[in-house]
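What follows is a pair of complexes built around chain A, which joins chain B in one and chain C in the other.
This part shows the complex of A and B:
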């Protein structure tokens, strides 16, 4: 047992060192002046605001969908359920670039034309960014929630019902509170995924400065126009932001999950 | 508490959506090579201030933006980084009107003070030199470097001196700037990223091959007049001046 502990520790240390080496190379290639200059630039301020807004909107939308989908998939058994489950998971298995390309083609066709007449434009627009994030993160969040939903002992819900609660009340008063942790984990995964989303956004919403410029798109624009300082400083700032999100959400989880 | 949260969430959602759906009336949609971001950003900003017309520029690799154009049948202006994808678009009849208007030329990048006395392309074959060159498939400077060396009939000799191939021009600059690499071939337009420890040596006229940058109006344009007006602004003295500032040369006709 001891031996395996030691081996495990060595592997842990190796992995931590690898991650730290990568991160520190990012930090070492930048100086404070450039970092502050980037922090103050209009482009950076736009992209951080834009990233936060779009990711929170897509997160909220996705949470709504995920809870309801997870509810059905964890409770009901129906013909073709396996197929439906696999379809829901498609965005996990497909590279985001392909997801983006498929919707680029879809919205580039007749459907896009009809939607556009109705005033809804997904192509090369901020709405497209939200759509891309929503599609990519929903299966991840849904999975997390479905796991906790299906773990809940059926007896609690049964007892709730036998005491006269309606289905909705059972869901609200028993199922949801018992699933808090899974939902919050889903939120962490979903939020960080949404902020990091790049491939689908690039295809569907395009890389347009100060319009569809999320943080990863800003990094892409920096790299491809030779502005490495800008790209690296945003990379560093993204690292800080993701860490803050993790700490923030973890803190909330610790406080709230006590049942 | 929960109900409040829900109400806040809903308001937030609606606000977010409406702010995302706000659009100016007839913005021009332009697709441009990502390497052109410097001058294009500047031109767009000046043009918007002057006319009040918004120009949304989607940047990307020249192939990527062509894919986006073809699949969405959208866009007013197309400006890829080189002729390859512009010709493809022309062959498919996507360009209503187009012109090659500026070019960028390669230069030899050496350490400050030119300690190895490199005066031109022919000096790169001197045995013992350490060179870093662009990858021949993934970035535009690669094949152009090869063509120039072949033109000078020194390709096989120079290849022996190549220590490393790089995927970006920035990395080539960095190699000469801060490693033991003696020289490289990069775009003159990369001058803004040249470090303090390097300088550029021009390539002999007889071997020089340049890359031209085209601009064209797409057949999908819904407001041809405005697209044409914007293209004319790019081609005006004011627009060309901005490209020159970034190291591009005007194509004189």
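This part shows the complex of A and C:
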């Protein structure tokens, strides 16, 4: 065996051990009776229902934006495209807390006042949770879709046009079906990030029990109030959800066909 | 009828220059040229993939230069067929919201393929499906981009017969691009030769075969005997010296550096001199049997190739090393200007002069 292979293997083993140690500590600290009790508690049932609802709404909204943004960015060249691309990517590079803080300031100002008059309240409300998730996950989903859009052979779309299809029909019948694996991967990645979103949600929607209590917020509230058992039980559940999402992504990526 | 009027387009570092073409209704017209000559670009411009600012494309009297591809009434078969991988053969053909037509399905023999996906088809099957897809909307013009380039030679010939059948049965105007001169000659009523974005010659297969305008076209159409020479006028014609000892007589008046060529089938071999013009003594270097022909490489001071029907050489019984006489009729010698960038065909010009 070459020396570099041996060193690489050692590093791999160290990292796997670190991850396993963290996961095991979570599982080892769990009490089965308390886990069952937590899973049956109103607060837990609220937070899982709330997390699923908000994440699915933000996911649907994000999908719509991502497909259209990806379509433009992958097909059109325009002045300032690079700048626009960088702006779209800002939520990826900025800490979620800072993203949340900036919108806290925006919606806490005149715009928030106007919106509130119109009956739309983002601050410290479930709508704020959806908005925070939407802003954080959209660049991830958009990136996945943009990559797959730009990988599609443009001549397929041209063939569709020469067959009598309008530009919209080409998009519907050719571009979208050829991109479905990429879109699905983007959705799964986006959903996992939406479920796990914490920083921006905390800043924008706050951590209010049974109101803006997503699963990560529930962990935060559990630790803040000294209820470690509750926090650990939800942590274990989120671990299971993440693992299932990971399996889903692997399954989709495995089937991914590049045209 | 397709008319391309003074089309000019720059595309990256490549450009199509002064393209003028006229394809008659129902004609089978081929653009022949090497890879990178701009054939596919021209086809995709006609099909509507790229917009054009300089020049016009007119199809059956309608200016289609800037129409959306779906409005052009053009069927297009790309080189790689581009069948949509997520659709069945049937769905691929009816993509443009048309009914599947039994006539076309039967003509191309694809009935048994309709429910299959493109990934399960052979190259020949994909090609037939792509043709069906292009023909289903009854196009005024069918564009074929190297339709046989990825097929085996045996399947190629079947495809050629199919294309011939389609053209006759559907009376569709066909514009076909290829780098295969045999394919162009088999299928076409007229051929345009294209190089570096320029159309260098347009003519019937016979005209191009017999009177290539340049050394490049001569090579593209299979002329093997091309030599550099120096022409000196002599009486009604000229002598072209090749090397130090060979002098070829031609009926054309030529002065200075020149390329001369002769088709291998016009290089006659015989046992004895008959005191005719352009008889040279030579020695057989190589013999190759090619179908019903024999190909001889003969050293006459230069290596000259002769192609002779098998039935015509039984009396000669030639073998490698045999000495024999090579004869070339002066009218079978083509000449091209020494600078091949010039598209002028000197022979024609001189013929015109001598007529006057």
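To be clear about the criterion, the second predicted complex is superposed on the first by the 229 of 259 C-alpha atoms of A that agree within 3 Å, B and C clash if a C-alpha of one lies under 4 Å from a C-alpha of the other, contacts with A are read in each partner's own complex, and residues count from 1 in each chain.
Here is the rule we go by: a contact is a pair of C-beta atoms (placed from the backbone, for glycine too) under 8 Å apart; a residue touches a chain by one contact, two chains touch by 3 or more.
This one's a predicted model, so the numbers in the text were calculated from it and none came from an experiment.
With chain A as the common reference for superposition, the partners chain B and chain C occupy compatible, non-clashing space. Counting the residues of chain A touched by each of chain B and chain C gives the higher count for B.
Look at A:149: by the touch rule set out above, it reaches neither chain B nor chain C. When the two complexes are overlaid on their common chain A, residue A:173 makes contact with chain C while staying clear of chain B. In the superposition on chain A, no contact is made by A:134 with either chain B or chain C.
With chain A as the common frame, chain A serves as the apex of an angle whose CA-centre rays point to chain B and chain C; its value is 160 degrees, to a multiple of 10. When the two complexes are overlaid on their common chain A, residue A:122 makes contact with neither chain B nor chain C. In the superposition on chain A, contact is made by A:162 with chain C only, not with chain B. The superposed three-chain arrangement places the nearest Cα atoms of chain B and chain C 16 Å from each other. Contact residues on chain B toward chain A in their complex (touch as defined above): 9, 12-13, 16-17, 19-21, 23, 29, 34-38, 41, 56-61, 64, 67-68, 71-74, 168-170, 190, 192-193. Against chain A, in their complex, chain C makes its touches with residues 44, 47-49, 68-70, 72, 74-76, 78, 82, 84-86, 95-98, 133, 137. Residues of chain A that touch chain B in their complex: 53-54, 56-57, 60-61, 101, 104-105, 107-108, 112, 119-121, 123-127, 130, 202-203, 206-209, 211, 220-221, 223-226, 228. Here chain A touches chain C in the complex through residues 153, 155-156, 158-166, 173-174, 177-178, 257, 259, going by the rule given at the top.
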